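Have a look at this one.
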């Protein structure tokens, strides 16, 4: 397992004259899934070597692309990617989509997830003489694709995905087709849409709604979808036994936009239910309920509704604080958190307040917010968290801190409340959270709360993969 | 009256080692009052010619200043300015604060408002041989300050403000003192704060709260406040008869941040009351209440509370759309409005919705939003506006479109609802709005709704000003 | 006298559809006269307030202007300016041309030179209530122009120039006319050209040659030239007694481009003659003659020709070292001088070399070059300087270091050679230098060598100016 | 053979605390060899995966690096690269050095030259399942290096270079060593230097002189030099029969800096001799000799010396015209050539001039220059070219236009003179040019003049390579 975790957004268009523009706007709407780099690859469907176009850059979608760079990419087929990475030394070489030439032509790949057997596969390729230009899992996928042994297969891409372990939602573009695929657990969301004769694939449905695209269906666990000029063709690329839906519950809690539907549920509706469930599990007498914006908003409405306590706005986010914000001196008591998140003193002063937050991970910024509420005159502070305590690492793409850094490590809720200097804390239970989504509890991954990982992790997995697949490189 | 309208934010610090940094952070918190240009002037209190420092630039606070430019400004006394201007040809020459040298040394001036006798004063100065480098009212104020006839006066600044007509909240920095002043109507807010030995002045109190500054009091109508090393010294600079509080009611409706107190009231609390009053004036049976964010948020909570109809989130603002956003082609149905303001389909589809907006001016963007709600499946749309219809121009700094462009011109509310293609519209009444603020109705300017202007406008005023002041230039 | 010294380039076009583009290209060709800021003002000849356009910025011409900014300026009448300033705190506010509005409309002014009575005039204006936004002499000229007393004059501009002392070559643009003027000494060059129906004014003729413009004549000492749609109209604006040609000899030695004609002579031809005269005054037996490029090139050719010693290339300038060059660490022996100026080791090693340089001011960089020659193996180094030792400050626009910093202060040539660690030095004599130009010796200013200043300097001058002009401001 | 031609500069440092800074300054001095992209890779000698650092970017050295990026690279071992490419779609992905991970660790490669069997090797690798991320020859070299079959070899790098055909000067950096190598023809220069305990490698010696580095020797044809902490170790990696020195004569004529020694000769001295030989081969009676700067400078001095005709400066290059220069409109007669290259009218008018240029390829810009001389009044124009006519393509890295575009194609010298509208033209003969360099004529490649290629080109070569090397990939 590499130490690289990536959380990303994918958007693809096949068969639209303004495909590149659509991808650009789609990436805007997926920007919350990755702010580190952005890129678009496109093709006009011709197989000439060098015909595919690529533009990638570091930063936000709005900064990476210009009218000139979009015009240079113009083509009816395009895929795009926004990326968040946890590595300090983020480099443009790691930006996606990645474009490569191999024996069957050009291919661009965009990937969201984390391969748990990445190191193993990489070592194996290196042993066979391959070179790696990046530290991305995506490059491994490209090497798998280029194996000569794929040559005679009906669907070489199926052969590519089979040896992969971990989480991967993928978009691949070749001159002929756009391919979307999900791992057998479907840890990350991926949806298919349609508008006129054009097909669309997006990490989240919010991008469909806003671009006038009809949601068709989700890509299924272990499914590979080929989109060509002839239409959509689908198959399951792995043995049926391997399919085991394990959707990341954190997509509902935190990652996805509330106006998306992921894994069959409206994110906003789920969060509102989490808030109601939270009110049932952890009621408290108070004057007002408000959220830590923006991710706590939906749950706070549910909490207020269920509890009957008035809803209000307690914090205000500033929209103008960007990357170039100059931090105050240490000596200065002003923190950038305060600049970014103002308190509505009028709502808080002299009141018993219930604050709803989506999750508490390290606890340090939460403590800062709680202190600021106290300084603004809150009489009682009751924190309600619409998720259980995070106690375990994620191996499928979420960059939690190490166990030592997690506030819940070795602390009871009461001790956490003491650490946060608040009057009470209430975490939602695991059964509680799973009662708010539509699918059976076994179809979700809640390993960060429970430690029960749907995909086995570590060396053993790797070896098993080797034996099972008998990776024939050539 | 010039055709220049400016809406700005001011922040000043006197006597703090990190004054420039404080101003920088203060301007961040006032960024909503002007995104066109930003600037800071500072002094170490020495009277050497050339000792004052200035840095101005076009764009957002985060883009105008760098750690280097802040370090170069470092001084214990500083004033800053953010500016919105309606002129197309915005130029860096017009950015504020403005710095000038005159016979009594250097002076920097930052101004929020609109002089109704600007053209008259300018013509007069030009007739006496003055040159103007900008189209800003601020430069007129500097010329008034430099008049030799001010030389013998106890307070030359009082003599500067007296001839001015219209709205002006001012911050002036000289090597010796920082001066804050308001026009006799106090159309725009301006507040004084304190932290340790340092004094602060800000357009809005939100900046005080977030920077750990104690709010002291508002600058009064017609008051000039001198802040020096010896402390704060105040006087009324105009004849008491001229003082006539006429606070801009639009500050509460739209301009100010909800976490500010302006004209003695919490903006958020006022807006929440507007929502409750709106529910009383225009009740309707519906399934859900939500706001057009962000300015409609507070009122929508009040509406939901008063009406008992569940509150929810119907629109979501995207945080990543900036100036460099590339607009979709005309041919494309995607609009940047849609990208910026997404609809929570789950909340809207099949529902009778009440949408609360702060005001409707032109009506074109509102119509776009209403159509998007309909397309998302809203069964009934009831728009509730927490202000009366805007029917008249503002001469004191707000850039409303011309009367022809106002949606309320020549239309009844029913006709407006038809234009917006919605089921009903309800505007708050003028008495209703004035019932939600603490001061007597006569102490507010609601001229944009009523046409009753507290400050006489036009040529007559100008002549009157001339006669009354007998402007002795030299 | 201010402590501001400016050395600038002016270029103006009247009556050409591509006037702004011509000015842009003209400024490129005058870039050697100022690399700190650049600007262009233009007009379509209409007198509407606000009709004049201006774009200024810090940096090189190529960086200040974009195709968009040139297109926005497009007009048939335009003036431009490039500026070098010695003040550390260079600010965009000081960039030229300056644009102002006064009672008779808009005016843009660009100025090359240094007013010796600037402080006096400024104080006087401030006493009468004027404000100054910059530290430029140009702003003083604008105040003089705006005086109401100019109103009844046949040529108000003549009244503007009369009170000025010092060096000033000026370009003024109003909606109606472009005005060019020189001080009564004509310390700085200014020439008039023509192409078709369009008129041109340039600091140097090199810009004419390259843009296909016919050189017409120089602006004369004390002359004001009005260029209007009716053509060119000229007069002498000062009393004939004040006219005393005193052309800056340093224009020939160093400042002007060799392909220009200034003060009636080809700069290259003059410099070649300086080299020949230098060979006559300071002959020495050696193997090779070469220049310190680029300003020593012309003289070195003359020296080689006169002496019969072979000419060669000893130094090579790098073209890629710009402002952003990162200096080596102090600990490192590599200096940016070495990177910028490479030695042709093959030409120098084991040779007796004659190095021709245009002038030696501080001597520190020269010493670095001489040491580098020695390290490259030069057997003997004979420095020949095509100018006398600089011993006195310039009050007319050249920024020499203080007398203490001049290498020639308190040192004989022999001592200078010792300081530079070379075998001999030879300076051209003052009579020698004046024998190489066409006009009578009395028509040149060589004050930096001789200390004989053509324009009286300091307080006395100032007072005299006051008495003579009886500056009636109003 | 790919259609990619690259002309580049390499600089490497091993064992110096300021190695990265040295590379930065070295690249400055090699900037003339490539202005499209620049990059530096560095290592601290530790073999941890991910330990090597890389920074590359598009543009000039001065624009690609900042003090921050240099500081981030800081390490005692570093290699750098500047690149010129002829492909329109230049992308940052193609910038060098390239960094990759393979089975034996990390490696960075920088390459100057052109592989004539690139396509063949690439096809072969693709057939075996390799992917290519760029269109650079460098990536092929990396694939060769990663072949498992290299594992047991004493010097895997020798096995890498053996299958390569064409021109390649290489710098390779691994955690342990820096490797320099040249093809068996040594078409491009590469030199080794030393300063203290540190070793240096540079494309040209000019960078040594300026950085205080002692030139040690050239890398020999077919030599591979390993530089490690233990010192320098060298071997010949190919069969001795393949070694056939064929130094590019165009390095002397045009590419190298005159202050470099390449292939054992001072470039400046060679060019001066070319000028003298040119005067002997093509004498003509005239008034003045001057160069087309800068590459014609050295030869023009030789021509003047040999002919006895006075040398002068006829053209002046402007230093301020950069990439952002805005071209004049077509309608305008001003061309950027004129702005960049001014004529010294005084030297040219009424004179019979001899113009010395290094080479004439297309002839179009030369014609522009000749016309400008005529317009400036030249009475007779005699062009003397210090090279023979270019009539054949270069397969080893120089990007000549297609044969159709060469002025010499199908034209006699007389016809060329007519095309250029000049009085006479004289080209240096091939024997003449080869008489000016020290090594035997057979040791130079003059194929662009003669059509006799030292390295066989095309398919046959490729096949031969295959058979000879029996490329065992695994």
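Order of writing sets the chain letters: A, B, C and D. Residues in each chain are counted from 1.
Simple rule for what comes next: contacts are C-beta pairs under 8 Å (C-beta built on N, C-alpha and C of every residue); 3 or more make two chains touch, one makes a residue touch a chain.
Quick caveat: nothing in here was measured; it's all calculated off a predicted structure.
J.: Between subunit A and subunit C, how many steps is the shortest route if every step has to go to a touching chain?
T.: Minimum number of steps from subunit A to subunit C: 2.
J.: Farthest from subunit B in C-alpha centre terms, which chain would that be?
T.: Measuring from the centre of subunit B, the most distant chain centre belongs to D.
J.: Where the CA atoms of subunit B average out and where those of subunit C average out, how many Å apart are those spots?
T.: Averaging C-alpha atoms per chain gives centres 48 Å apart.
J.: At what distance in angstrom does the C-alpha mean of subunit D lie from that of subunit B?
T.: 62
J.: Compute the distance, rounded to whole Å, between the mean C-alpha positions of subunit A and subunit B.
T.: So the centre of subunit A lies 39 Å away from the centre of subunit B.
J.: Which subunit A residues touch at least two other chains?
T.: Residues of subunit A touching two or more partner chains: there are none.
J.: Work through the pairs of chains, note which ones touch, and then classify the graph as line, ring, star, complete or other.
T.: Graph shape here is a ring: one loop, exactly two partners per chain.
J.: Can you tell me which positions in subunit D touch subunit A when the two form their complex?
T.: Spelled out, the residues of subunit D in touch with subunit A are 50, 54, 91-93, 98-103, 126-133, 135, 139, 142-143, 145-149, 473-474.
J.: Given the complex with subunit C, which residues does subunit D contribute to the contact?
T.: Interface residues on the subunit D side: 18, 21-22, 24-25, 28-29, 31-32, 35, 60-63, 65-67, 70, 206, 209-212, 257-259, 261, 266, 268-269, 272, 297-298, 301, 304-305, 310-313, 316, 318-322, 324-326, 328-329, 331-334, 338-339, 342-347, 376.
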